[in-house]
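Take a look at the structure below.
Per-chain residue numbering starts at 1, and chain names A, B, C, D and E are given in the order in which the chains are listed.
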Amino acid sequence: MTSVSVKDLSLNFGNISVLKDLNLEIADGEFLVLLGPSGCGKSTLLNCIAGLLDISDGQIFIKGKNVTWEEPKDRGIGMVFQSYALYPQMTVKGNLTFGLKNAGVANDEIERRVVRTADILQIQPLLERKPSQLSGGQRQRVAIGRALVRDVDVFLFDEPLSNLDAKLRSELRVEIKRLHQKLANTMIYVTHDQIEALTLADRIAVMKGGLIQQLDTPHAIYNHPVNRFVAGFIGSPGMNFLDGELEVGVSAVVKIGEMPVPVDRYTFNGSGRRTGPTVLGIRPEHIAFGDSAGAMPFSHEVDVEIVEPMGSDTLVWTRLDGQNLSFRVDAERPLQTGDRVRIGFDPARASLFDSATGNRI
Amino acid sequence: MTTRQNGRPSQLFRNLNAKIASIPMILTALVIFLGGTAWTVFYSFTNSKLLPRLNFIGLDQYERLWAAPRWMVAIENLAIYGVLSLIFSLVVGFLLAALLDQKIRFEDTFRTIFLYPFALSFIVTGLIWQWLLNPDFGIQGVVRGLGWESFEFDPLYNAEIVIYGILIAALWQGTGLIMCLMLAGLRGIDEDIWKAARVDGIPMWKTYVFIIIPMMRPVFITTLVIIASGIVRVYDLVVAQTSGGPGIASEVPAKYVYDYMFHAQNLGQGFAASTMMLLSVIIVIVPWAYLEFGRRRHV
Amino acid sequence: VDLEVTHWWTSGGEAAAVGEFAKAFDATGNKWVDGAIAGSGGTARPIMISRITGGDPMGATQFNHGRQAEELVEAGLMRDLTDLATKEKWAEIVHPKSLLDSCTLDGKIYCVPVNIHSWQWLWLSNAAFEKAGVAVPKNWDEFVAAGPALEKAGIVPLALGGQPWQSAGAFDVLMVAIAGKDVFMKVFGDKDAEVAAGPEIAKVFKAADDARKMAKGSNVQDWNQATNLVITGKAGGQIMGDWAQGEFQVAGQVAGKDYTCLPGLGVNEIISTGGDAFYFPLLEDEEKSKAQEALASSMLDPTTQVAFNLKKGSLPVRGDVDLGAANDCMKKGLDILAKGNVIPGTDQLMSQDTQKQKEDLFSEFFANPSITPEDAQKRFAEIIASAD
Amino acid sequence: MSDPAALNVAASGFEAVAKDVSDPRGAKPRRVLSRRNIFLYGTLILIAVYYLLPLYVMFVTSLKGMPEIRLGNIFSPPVEITFEPWVKAWATACTGLNCDGLSRGFWNSVRITIPSVVLSIAVASVNGYALANWRFKGADIFFTILIVGAFIPYQVMIYPIVIILREIGLYGSLWGLVIVHSIFGMPILTLLFRNYFTSVPEELFKAARVDGAGFWAIYFKIMLPMALPIFVVAIILQVTGIWNDFLFGVIYTKPESYPMTVQLNNIVNSVQGVKEYNVNMAATILTGLVPLIVYFASGRLFVRGIAAGAVKG
Amino acid sequence: MTSVSVKDLSLNFGNISVLKDLNLEIADGEFLVLLGPSGCGKSTLLNCIAGLLDISDGQIFIKGKNVTWEEPKDRGIGMVFQSYALYPQMTVKGNLTFGLKNAGVANDEIERRVVRTADILQIQPLLERKPSQLSGGQRQRVAIGRALVRDVDVFLFDEPLSNLDAKLRSELRVEIKRLHQKLANTMIYVTHDQIEALTLADRIAVMKGGLIQQLDTPHAIYNHPVNRFVAGFIGSPGMNFLDGELEVGVSAVVKIGEMPVPVDRYTFNGSGRRTGPTVLGIRPEHIAFGDSAGAMPFSHEVDVEIVEPMGSDTLVWTRLDGQNLSFRVDAERPLQTGDRVRIGFDPARASLFDSATGNRI
């Protein structure tokens, strides 16, 4: 069943159009992540769903009910904000119960829900503290609690972790994931951190300039990005892009400078293969090196320029036909700047994009 | 479900509470400020004396106004006073704030000393400075008493410089507030900017002039509104200090308005004068307001 | 009945004088509620007018009688006292008659005059002239002639306060003294601009120019501070109304011995009969209206008049009361009054608007030596031409 | 960098110098009487004297007798201290027939100031909140009018307001005056509150809406408790302004409710009689005491509040 | 040759001691990263070296010269700030030249240096813009340029990237690395992002509470953390810590609950092996799973609890003896919540810490 459905949604601020005829269906219990660069309209979309912004056109349904003009409180949503947005003068308990009291929920019911929420999030010891007495992670948990206690069907998260440091972020990420598994609510989660998106999402909607570029599972988005933007946005370290020329003769090759990369094993999009300027995208971890490189359909010798040890593994920067290229190696492999190594990859794992439109071909 | 019907409720009732709560503001803006102003402008074309009357005489009041030497003096004084008080308020206020911002000891004490005159009314300020500037027993008298017989400092009795005597008092009263505003602004500036300037080896004064002050634009704007609105309205201070004297040397427009409305019982003339004041305010304010608020809307 | 009375008499002597009114009024079984506002008419008048037009009028209020309240009367906001006046025969007892005239509009009487103040006095410090080694002058010309001697002795010849009304008043005094009563009436009464531009007035301006030079260095604001200069011998003399003698009295000085007073500047013994009057706004409350009448008649009561004016230092508005307790200068004034050498006060002749323009002109003229008497006269004539 | 540090640092630095000049160690030696400090504190003290002088003169004069004032130097301390002027100013100075000094107006001032401050701040804070968070159509226009209104000389508005108050039947009542004060306080206060509430994170407001709080609930439960600093600024500005007001207090009320400033004016501005400077000064200080106390008590909060509200936006 | 040397540095704010008798030697051309949690004194140390804070005790040498009492501008340092701290009303060029003009450098020399700096950082097209017209990354480059143009020996960076988004951060990281290779200046770089630290540093100083915990190469810090704090701070996803008991009999084992983990292959610190409560730390990527797990000295069957796909690989959360444990698998391995798998690791790659002191044993 659909939980949230957005139809032809448009939103303008003055004469700037921020969202353009956007459509989105979110299934019951799904974890949908809205991902995109800053300013692409993620928060705006979330605010529209929450009813915090008046839309310019279109309709919004939650649980099948048209809520386009409902007040936020009547939409059956809970929302968690980037800056926590805890009411600073209230205790944690006050924060949790404020909405319930507004809605006129009976006192014992309020009590019951607070206890339950505090249990789930393990914030019982904090109930009497003020937000200023909490650590960042605790605040975030209370912010989630505030949404949780409202017993709603749909959770909206607006970059709930981006104010936290890396360590805490990865811990809370796991907690949110656990929470979703436990509650099985619908969750819409805004972030511009692609690791969060990949780890949390059932589906990811990658946005840019008010449009959804691709809406698919993390796996599909990671491995089959529909265009160069999505390909470049997802993955850290980012995908390598090599400018080349697609030539289709006996077999299809992309010529990177003078080097032909055979792309027969590549699954082209649609039917027609066209020739011309093409960008070949290949992720750093899909580039093999050393012995195994020679076994690849394409391989070449390159000079190591920069070695970036990242702890668990090491990123190595090099050049292919004068274009930057990075690949990942195990941290234990001792590579040095200036080393000459052979690298190679399987074009089946690459992505090809039209140079002009940026679309996958 | 598929039709693009838009169950959009009437715009009037959206945010109804906010609109209801704003009624006092809307009423004040419309009835008092706009209505009162319109009323004033309207009656400036009549020959109302003690009571407003609808007896139109065209632009006569304005002709008389611009022919009156006192009005010209008042305008000139306001210009001098306005420019100087703007400059000095900003400069002195900023200097004081900059001094206090040097992580000094007793900052609280100094700040309180600079600020306390703001708690006193203009009437009191005028009175006390009239006293201090009295040539016979004020500062001049005291200095002469100490043996410097030729010492001359009698701004309130010298038509040439009387406006500066008023300025001294006005600055005494008002710079404390400006200092507070500036101090707040200085405290809002990123600590790193200072560090960057130090690493770059830029002397303190240059850092202030070329970097900090340009960064404090919003503060200066708020301050400007506050100072400027005070300048246009300056009245009590002049009355308390010089009553416009010697002669008419320290007259100001607001006093002209008041005197003609109530002493001379010529409302029409007073209204004409206030209309001219309003006009000049609008000429200054509206472009500014447009720049400030108009631009912000697009950000 | 409580009746609120507003006025701007707040200093010691004034307040004591008002107290006499209050006493008399309270004796009628009513109660005087005092609403004093200091700072002269300029501060008080807008308040009074606002109260009356705002629909919350007081029971009675002071105005300089004359034309200040004209419009309020015309607007029907003031009470018509004609019936009471007829009953109590005010027309017969008020002297000079011009006082009642200024309360009259379209044949109806709207106010009660309570005192006479005259402007035309030159107050001289005997001590100052002694110090300068010249005889105490007997008239304006002698005074001007003594000027240099005074200056040499470090004395300011003429004390003149900075407030505009003092300059304008001094000029009016010079005008009566030098150009005479007729010219005064022609200019201010008939608003004859030609006369104002004429040679007689030119002479007055010449005298004003002298006065201006002699007044240099007064450096005071309030009139009483100027008077204080005369009292302490720091200044030779002052042109000021009869209220100045209250200051001499407070300082314990004796007329003739410590100071000399020259009515009409010793040239032309004429005094003006300006003064104060009370108006009664129209009230709805019957009882209060009655109380207003009681107040009006008690103000004109002979004993009240005497008691009030002695304290106030002004002359009573009735010719039929005995002022035995009056001092020398006051007696001189009474004499002149009895001879009928009187002119109306400028308040009675000109609108406030014209007066204000005049004040602006003279306060500028007296403070700014760069304005020539000729220029000033030209501007004066213009004001008179447009006067009403 | 704070001074205590500089002090003990100076000591240790001195030792280091004694040991080996070419080998600096620890904090840079800083003399307490460095050029910078002399300049800094010298200037500050000089300016402080300029600011304090009038207060000093007022105070000293109020403790002198009249003869001493006539003779002496205004800056010299009183030879013979007398509290007579203070007693007179407070209790016996006459206003017309009422000889009870400032004491009469004091309670009136309190009665005027409290409701005026409360109402004007209440109205302005709601306005500022509505402008900052609820931005309805046209709000900006009204706000601009309001700001321009801050520049209109008060005198111009006296007549129209008399007429308006008369029409709504509030002329002469305390409430009429309270409304007048609220009107003239509105522009600057609204600006302050608007700027302050704009700087409150918008997400807080959104969170409250999701929690089902309406316009008033958000105002009272969320915004008000957070706005303490700006309230302090507003209270200080309004208490000062309203307490010091003379014109409105005298025009829009009746004698029985005249504020203290009217008595002050009467004492100070009497046209006739000898000026009693000592009483004037005592009266002046007494009248200014309430705002002065407010300042001295909350100066620190004032700067903080201004930093939070006035300077942004 | 030593470039920067800090001797017995102490710094107190009032009576709070922020740095305590700190010693540090930085070699010429070295890239040293100061790493540590918020508030540990990293910025304070950097500011002391720059001369922006008056130290309480100790000495600072730059290029062998005692600069303890020198003004910042005379120390031969350039500094880059977290908030960029560009002069907002000046153009980029103005920002670059303001300091030089003040120092009275000749005009043509200024011009030369600006051109060179702009070349290095590729900001030529931006020279006439105001900072407000620049993107975050461009601003950061200008901030670096401002230090560069001063032609100094030592560069100080205070979290220069932490205001940027992840994508830009990783790009600029590489640029800084390239810059260092090109210029070969000494660089001291403050961050609390350990990926930055690991990729950039020649050596890392891990700080905590005003003390340096460990000063070593990234490799050593990653693989041989001296205490539990360093171990936990470095690495993302973080090291797993398992509470256990060290028992030394015939062979040394750490007992995790009832499970004995043989640690004979572990290189103990110092000579004495002591028994008692011990924490075993093992990094997620050092845990093998599936077939290879069985070959490890220690292996065990566990239940998959949470699967976090991170694009290039996947993090799997499970429990060992009730204690959380995560391990990394290739993104292509299809693991599901609830799967039962065998995992194992080589204790030689683990770290053992004393439970009480947290120190490596």
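For the reader, a short list of remarks on this structure follows.
The working rule: a contact is a pair of C-beta atoms (placed from the backbone, for glycine too) under 8 Å apart; a residue touches a chain by one contact, two chains touch by 3 or more.
Predicted model only: the values in this text are computed from it and were never measured.
The minimum number of touch steps linking chain B to chain C comes to 1. When each chain is reduced to the average of its Cα atoms, C sits farthest from chain E. More C-beta pairs touch across the B-D interface than across any other pair of chains.
Comparing the CA-atom centres of all chains against that of chain A, the greatest distance is found for C. The geometric centre of chain B is 16 Å away from that of chain D, both derived from CA atoms.
Rounded to whole angstrom units, the spacing between the C-alpha centres of chain A and chain B is 54. If each chain is reduced to the centroid of its CA atoms, chain C and chain E end up 91 Å from each other. In chain E, there is no position where the chain touches two or more neighbouring chains simultaneously.
Contact of a single residue of chain C with at least two other chains is seen at positions 46, 53. In chain D, the residues that touch at least two other chains are 1-2, 158-159, 265, 268.
By the touch criterion given at the top, residues 37-38, 165-167, 170, 173-174, 177-178, 181, 192-195, 198-200, 218-219, 222, 233-238, 283-285, 306, 308-313, 315, 317, 328, 331, 337 of chain E touch chain A in their complex. Residue ranges of chain B in contact with chain C, taken from their complex: 49-51, 68-70, 130, 134-136, 154, 157, 159, 242-249, 259-266, 269. On the chain D side of its complex with chain E, the touching residues are 1-2, 4-6, 9, 12, 22-29. Against chain B, in their complex, chain E makes its touches with residues 47, 50-52, 71-74, 77-79, 81-90, 98-99, 102-103, 146-147, 150, 158. In the complex of the two chains, the chain B residues touching chain D come out as 11, 14-15, 17-19, 21-22, 24-26, 28-37, 39-40, 52, 96, 99-100, 102-105, 108, 110-121, 123-124, 127-129, 131-132, 137-138, 141-142, 145, 172, 176, 180-181, 183-185, 187-188, 218-219, 222, 225-226, 228-229, 232-233, 235-236, 253-254, 257-258, 261, 267, 270-271, 274, 277-278, 281-282, 285-286, 289, 293, 297.
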